[in-house]
Amino acid sequence: MTISLRRPYDDVVIAAPVTIPYVRYSIESAQWWIGRALSALVAQAGIKASDIDGLCVSSFTMGTDSGIGLTQHFGICVRWLDTIPLGGASAIAALRKAARAVQARDADIVACVAGDTNHVDSFRLTLENFSRFNQDAVYPYGAGGANASFALIARNYMRTFGVTREDVGRIAVAQRANALRNPHALMKAPLTMEQYLSARPISDPIHLFDCVMPCAGAEAFLVMRDETAASLGLSAARLLSTIERHNAFADDPMQVRGGWAMDVGELYAMAGVKPEDLDIVQTYDDYPVITMMQFEDLGFCNKGEGAEFVRQHDLTIDGDFPHNTSGGQLSVGQAGAAGAYLGLVEGLRQVLGIAGPTQVRNASLALASGFGMINYDRGLASGAAILAGPSR
Amino acid sequence: MQSKGLLELASAISSGAVRVVDLTFTLSPDFPVIVLPPEFGQAAPVRIQEISRYDGRGPAWYWNNVTFGEHTGTHFDAPIHWFTGKNLPNNAVDTMPAKDMIAPACVIDCSVQAAQDPDFLLTVPIVEAWEARHGRIPQRNWVLLRTDWSKKGWRDYSNLGDDGAHTPGPNPAVMKWLVEERGVIGFGTETIGTDAGQAGHFEPPYPAHHFLHGAGRYGLQCLCNLDQLPATGVVIVASPLKIQNGSGSPLRVIALVSST
Amino acid sequence: MIEPIKPSRRKNPLLRTRLPASPPRPRSRMSHGFTRAAAEGRFMLQRCEACGAFAYPAREACPSCLSAGLAFVDAPRRGVLLAETTARVPSDVYFRERAPWRIGLIKMDCGPTIVAHLHADCAEGAAVRMSLQLDKSGQAVAFAHPEAETPNMADDRQWREMTADPKFRRALVTNGRSVIGQEAVAALKAAGAKTVFVGIAEPWRPFAGEERLRGQDGIEIVTLDAADEKSATDVAADIGGKVDILVNTTEYVRPGGLLDRRGTSIARDEIDQAYLGFINLAQAFGPAMRTRGADGINSSAAWVNILSVYALANWPAFGAYSASQAACLSLSHCLRAELRPGGVRVMNLFTGPADTEWFQTVPPPKVAPRVIAQAIVSGLRNGLEEMYVGDVAEEIRQRLAANPKALERELDR
């Protein structure tokens, strides 16, 4: 079976990047956080809630609610609705679906929202109830959660390609430097390589600064057509291309590449750009070693050259390869499903030129990626999108 | 007897002029029972199961369910217990005459002989020698065989060997003689059973059971405190539970002894 | 290389006894195919009946051909450890208390990759031998062993969580009057049990083999009549806090079924001894065992029942006895559920007629008491839940699985 070429996104644009500042623990519900994000979307776009006619929601902690319950809860009447439970790939997946919806005029303005709360016990409960394979065949083995699963992947990857902890640490240290410029980042202290290397082990070779901090927060953006944005007077970014893939390379005994590697050619071909054209890159950084894998799979270097790539580049805001400019999940925090949105929303701010203290000068072309759902022994979902700002 | 005499008895008991001796072992699960070859039906051991003890099962009261075989602990044998007494009238514990439950007793002390020989047997000459000292055994008296067996630990008390139990008891001749010539109302022992441990090999087997019950007389076993009784001048109160068609029952055996 | 474990010191009375915690318990229904295998010490995986592919974790459809015909079958145990990690700060209380905890990902020679608990002597890149074990919540987990024997292998810290090894533990054999009981005492001693308490009912009754128990080092005779509530309670008051493994060797076998017996007195004895005795033991010893499931090297670990295989299918020649055993089997499942929060496993040994007096006229093959005793130790060492000891028991099991009606008809002869 041949894969047919996909239709371009034509006039689809993204606007109104919203971040509800994170807190470590919240006594509010996920619905509260999602409500704040919707409210901020409406305020930022200068629209009424009733103008939203499409809704796409992701959350781990909504309990028995899904998108449909939220329509009544928030008093919005939509003609297009989706709930996306893809963890770290949720933002890219939401964007893709919303884009086609507005392109086909099934909807005019789609609000894409992700939000999660973090009660004192909710992280553990999320780990326990993550998936059937996880429940049957992973969690009962030391209950290390994602840390242990990614530790296995990291250990194999690092051994296979001769990657040291210091190589991986460059990514975390650079992101912390970025985070110090983001007032909303939960991590406020500088991180040196020495501190990174001497951190306490969590699940070897994963150490403390390889891990994200679970927290509460929400992120959102609007998807619409160019004409709608223009009529609202909204500054918006064009969607050039996207990819999405699930359960790729199932025959690899251990994960050394993500689904991006299957589709990366199409990602750039559809956008009509090359990796070196990108001004900023926002990878999904649940663990820095996964970011290193993305540098390879997203075409910035060859497989096995990720370590060398990070040695050769400065990943900070002012560096030659600005990456995870907000500080990423590693330094801002991981607000559940909102973690999937963090990079995409920051990338959108960057190409719209409204990133403030983390703004990369003249950024107009951004790549954001997602990765998620370590259902059993590997992350199953991957996706990426390329956005272009109005200046391009 | 005038009622005056009865009241005098009561006041004599109250004043201590008449001593009351308890001849009964505590009924408990660990008390040895008769051992029969396992292919026969077995006496159910004593089981005491708490119903409640001032707790959630009954907040203000304590009580037990108790189960046991008819022939456990200090117990009474009725004539119906043995085949020789099976056709007699009023041969069960519920139909036996109530007046048979109170009767005088003669106590024959063979503790010295039994200490020397666990298979010691009571014989007619021994009883005749006793009569020479204490007088002829009157009709309708209990004869109680004192062996001090009740003072032993349970293992020696049962004294089981690979050829059966070795405990003292009467020989066939003395049982026939006591029943027919002396008209005893019953025969009592300290051991498990009115018969000797090896009595299954006697002719007839189990002569105490054979002759006593065949003549409508009774048995008492697993008695204790016989050493506190004089040879004569004892009245036994032995009233078994009124079990329908029962062959015997555990019971409280009381001896009344004149202190003077 | 494993350091041999040391016998526990006397308890510090100032320290609170650590309460048991359970590892994560939820599993899918399909996943209990592994529970069944682990209960018997088998290593089974799902294999597609259509395409022959092995699959893991438990699935509802074959990932190679979508067939629903995924049967659990005995599978090759060999694999290679691809990667390992040591969880140091697990989110779950059970593992947090036992951290660091080592796990790994194994590529099985037969195809699937399996996340497993690791024996300390497993090395990355080296071959491993897999087994399925029941963890402290009674659920099946995969366990990787080094391919070859290593020194002090059974003393591995993570392995001991999966087993009820008698080494340094204290056991109670509830009935020492029987040959099976006496062989059990000897086998437990030989397996390194620190103390074996042995229950003797009606101590005034002499019994064969008494000299094997009296005055032996590490063997303590206690007066215990399991069928007597008070006796069980009294013994538990003395030693209940020291019984780490309880081996219920109650044995009360009488021939006969219903119509050829008169009345219920024998049946009462059977129920009294086997069923009520079980209840008395459980009520007397169970609560302390459940509390002491995480009490160090000599934590409470297991309850063993020796049951007739005719608990599973009535043998009319010993019909009422079979029923008493069925009652005990049912009760054992209740006990298993109730001891589970303490991490105490309940192991049932099913045996055919043993070579004892009450099966004297039953033709061979019969199970030697020593074989039963060895099976107890082996089952404890391997953390099993169900064992079929001897040819008769194994055959009954297979016939029952094949056709219960055929077995019922054929047992009637």
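Per-chain residue numbering starts at 1, and chain names A, B and C are given in the order in which the chains are listed.
In this text, contacts are C-beta pairs under 8 Å (C-beta built on N, C-alpha and C of every residue); 3 or more make two chains touch, one makes a residue touch a chain.
Every value quoted in this text rests on a predicted model; they were computed, and no experiment measured them.
Taken as a graph of touching chains, this assembly forms an open line, each chain in contact only with its neighbours along the path. Once CA atoms are averaged chain by chain and compared with the all-protein CA average, the nearest chain turns out to be C. Among all pairs of chains, A-C has the largest number of C-beta pairs in contact. With each centre defined as the average position of its C-alpha atoms, the distance from chain A to chain B rounds to 93 Å. Per-chain Cα centroids separate chain A from chain C by 49 Å.
Chain C contributes residues 23-28, 31, 56-58, 63, 82-92, 94-96, 99, 101-105, 107, 113-117, 124, 135, 137, 139, 141-142 to its touches with chain A in the complex. Chain contact summary for the complex, chain C toward chain B: residues 202-206, 223, 225, 227-231, 265-266, 268-269, 272. Residue ranges on chain A touching chain C, taken from their complex, read 123-124, 127-128, 132-133, 135-145, 147-149, 151-153, 155-156, 159, 200-206, 250, 253-254, 376-377. Contact residues on chain B toward chain C in their complex (touch as defined above): 29-30, 32, 35, 41-42, 44-45, 47-50, 153-155, 157-158, 160-162.
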